[in-house]
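Shared chain: chain A. Partners: chain B in the first complex, chain C in the second.
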Partner chain A sequence: MALKVLKPGLLTTVQDLGRPGYFHLGIPMGGAMDRMALRAANLLVGNDEGAAALEAVFVGPELEFTADGTIAVTGGEIPVKIDGEEQPCWTALAVKAGQKLSFGFLTSGARIYIAISGGIDTPPHLGSRSTYAIGALGGVEGRAVAAGDELPVGTSEKAVAPGTSVPEEMRRKPGTPTELRVLPGLYWHRITDAAQNGFFEDEWKVAPEADRMGYRFKGGRPLEFIDREQPFGAGSDPSNIVDSCYPYGSIQVPGGTEPIVLHRDAVSGGGYFMIGTVISADMDLIGQLQPHMPVRFVPVDMDGALAARAERRTAMDRIRKELAGE
Partner chain B sequence: MKTRYSFGGDEHIFVEVDEEMSLDAFFKSLSITNAVRDSAIEGVTEICPANASFQIKYDPDVIAPDALLEKLKSLESAAENAEKRIGTRIVEIPVYYNDPWTHETLMRFRDRHQDPDGTDLDYAARINGFETAEDFIVAHHSNPWFVSMVGFVSGLPFLYQLVERERQLQVPKYLRPRTDTPKLTVGYGGCFSCIYSVRGAGGYQMFGITPMPIYDPTQEVNYLKDFMVFFKPGDIVKWNPIDREEYDRICAEVEAGTFTPRMAEVEFDLESFNADIDGTNRKLMEALYGA
Partner chain C sequence: MAKQIRSPLPGIFYRRPAPDQPPFVEDGGSVEAGAVVGLVEVMKSFHEVIAEEAGTNVRFVAENEDPITVGVVLAEMD
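Up next is the complex of A and B:
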């Protein structure tokens, strides 16, 4: 079984749950931007939750199947077409050899996940099939898929009845504005009280520079720094620090103007100060934000972050139970 | 030095050993991260040392954030007394300074630079009080450097020059980061040199390029067959200035699989270094090139 790529879409990559363990060498964990969507897509086709699938940004690819199987498309809401006939997303769909998969226009979200029974079986690299294009790791020769590629597909272990779906209320969609919860910290003390308040008061918009490495935001007021003599080795700009590690989800603000939230393909460190970190529960949501969408950052404390994390776990468990027919 | 702990969301603890760069801060950070690794704390998933700080990634479903924080603090006091000595290697890295490729790139991004009418090398020379770029280049490669961090992108080393503070070179980063940097550019920002392991965005000033790959995901380069990343924290580097002819020769050797970087096993002891910097560096050079 293989998936033939007829048209690649805008940027379609093989992703699983990533390759932890190499961040100290500058190789990020990577993997699906929207983890819950990837897990759900895999469950819908009978795969392990962490099997490799395709992640497509904004525009769906066109694919042809070389054997019968089951597919599911999750993440953003998008019309799914099999041989031109429209099918629902977030649903197990039977496909036959020779059939073609294509897509309409995305109606919400930014990324879709296309899982196929058996999982995409490109060679793993450092324990993962996730494509990390900057380091040319994983995926198809370390790059996004291209027209003419034939993606190998593994053997399916478990069948799911076609038509099985994740109910609408269990899917997570970005709101308007989307609220991203932030635990302030790291170099938060470097900006004035007014700047701290302003960061949370202002409405921000996703900038066009938004990708797997990080999402940039525009539109809020510039941050004002507390005066200091720059520490030796940091560099002269008040937003410079002695190059340090960057947490996933951390918010750096070069020059104090446009916040950048690092995502799954994060750079592992650098010399810009950070004002806090988007909590783990809201990382998936960032992957579904399109440029120009309004966003507000909302402060939480550690208890709030852990409660949100538990809530996400419960939501995922509900999907697992639903699809297990419990 | 005052250690500062901060949570990076619910999955990271960020620890700043010192605000400013020093080898003392690096060694303290290294000692604590080694102690964390040796303690094999359940729930810790990534241990990332940096120049004067470090970061621990953990699973809060396995270990409570506050419990891990307390554990790290207890390891910090134990690490204070750790020996500041490592067994490591010194490696010669050939550098073609003022090469045509970084020159082309830096001209393309002049509007993002402090000195739109000059070059990165001329600017760095001037603000560090050198008459000419050539003098600055000599100051860049005369003494060995210490890899104090690996990161940013795949296997990129940050290097700190093994000289006292008064002799350190400092330059700011670009006003706005470039969207392009040639692969294997030797860069500079703050007090750090770096080698861009892959092509991509970057904010460091650009001084030259090395013909020696330091990251190879295909692991075809003969000295990267065991692991795709060349550098690790604690490595010592000697820049060796080369011209175009030698650059081309080394590129061909790398391609043919016959290039082997010159290197030697050495010990580095921070106390001996601080007591006699020039003497320590002389010994490092002797280890690399023979007495």
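Up next is the complex of A and C:
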């Protein structure tokens, strides 16, 4: 079984849950920007939750199947077409050899996940099939898929009845505005009280530069820093620090103007101060934000962050139970 | 009913290939199927917007440098 790529879309990559454990060497975790959507797509086709699937941003690819199987498309809402006939997303769909998959215009979200029974079976690198294009690692020869590629597909272990679906209320969608919860960090004291409040009061918009490395936001007031003599090793701008590790989700604000939330393919360290970190429970939501969408940052403490993480686990468990027919 | 040209991408819409060059298509102009009618800038790169069908009397709904989302109507034509 293989998946033939007829048209690649804008930027379609093989992604699984990523390769944690190498960030200290500068190799990012990588993996799906919306991990819950990837897990759900895999469950809908009978795969392990961490099997590799295709992540497509804004534009769906056109694919042809070389054998019969089951597919599911999750993440953003998009018209799914099999041989031109519209099918629902977040649903197990039976496909036959020779059939073609294509997509209409995305109606919500930013990224879709296309899982196929058996999973995409490109060779793993450092324990993951995820594509890290800048490092030419994983996926298809370390790059996004291209027209003419034939993606190998593994052997399906478990059948799921076609029509099995994740109910609408269990799918997570960005809001208007989307609220991203933030735990203030080590450098919080570097900005004035007014700047601390302003960061949470202002409405921000996703900048068109947002990608798998980081999401940049515009539209809020610039940050005001507390005066200090810059320490040895830090750059001269007040937003500079002596180089430090950048966590996944950390929010750097170069020049104090446009916050950037580091995401799955982020750089692991550098010399920009970080205002705080978007909590892990809200990172999937960022993956579903299109440019220009409004966002508010909302402060939480550690207890709030941990409660939110537990809530996400419960939500994922509900999907598992629903799809297991419990 | 007027034909529509919709954007497959979100980003910033441009009607010209470069600031000092004329628009891809003038208001009231016509296009062949497959013609480039504008650019969308997203994720640090520029992508062409293609007219899927031929049309005449092209009327742009989106202005140059407008922020756009997926599926918005950029232009109408006969």
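FYI, the second predicted complex is superposed on the first by the 326 of 326 C-alpha atoms of A that agree within 3 Å, B and C clash if a C-alpha of one lies under 4 Å from a C-alpha of the other, contacts with A are read in each partner's own complex, and residues count from 1 in each chain.
Simple rule for what comes next: a residue touches a chain if its C-beta (ideal position, glycine included) is under 8 Å from a C-beta of that chain, and two chains touch if they have at least 3 such contacts.
The structure displayed is predicted, hence computed values, not measured ones.
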Which superposed partner A:Gln290 touches (first chain B, second chain C, both, neither): second
First (chain B), second (chain C), both or neither touched by A:Gly198: neither
A:Ala210 touches, of chain B and chain C: first, second, both or neither? second
Dominant contact partner of chain A by residue count, chain C or chain B: B
Partner chain(s) touched by A:Pro231 [first = chain B, second = chain C, both, neither]: first
First (chain B), second (chain C), both or neither touched by A:Phe105: second
Partner chain in contact with A:Pro162 - chain B first, chain C second, else both or neither: neither
Complex contacts: residues of chain A adjacent to chain B: 20-21, 23-27, 125, 134-137, 142, 183, 185-186, 188, 231-237, 240-250, 254-255, 267-271, 274, 276-281, 302, 305-306, 309, 313
Complex contact set, residues of chain B against chain A: 6-12, 14, 16, 18-22, 45-55, 57, 60-61, 65-66, 149-156, 158, 160, 165, 168, 170-173, 175-177, 189-192, 197-198, 200, 203, 215, 217-218, 229
Contact set on chain A toward chain C in their complex: 10-11, 57-59, 105-107, 110, 208-211, 290-292
Complex contacts: residues of chain C adjacent to chain A: 6, 8-12, 41-44, 47, 67-71
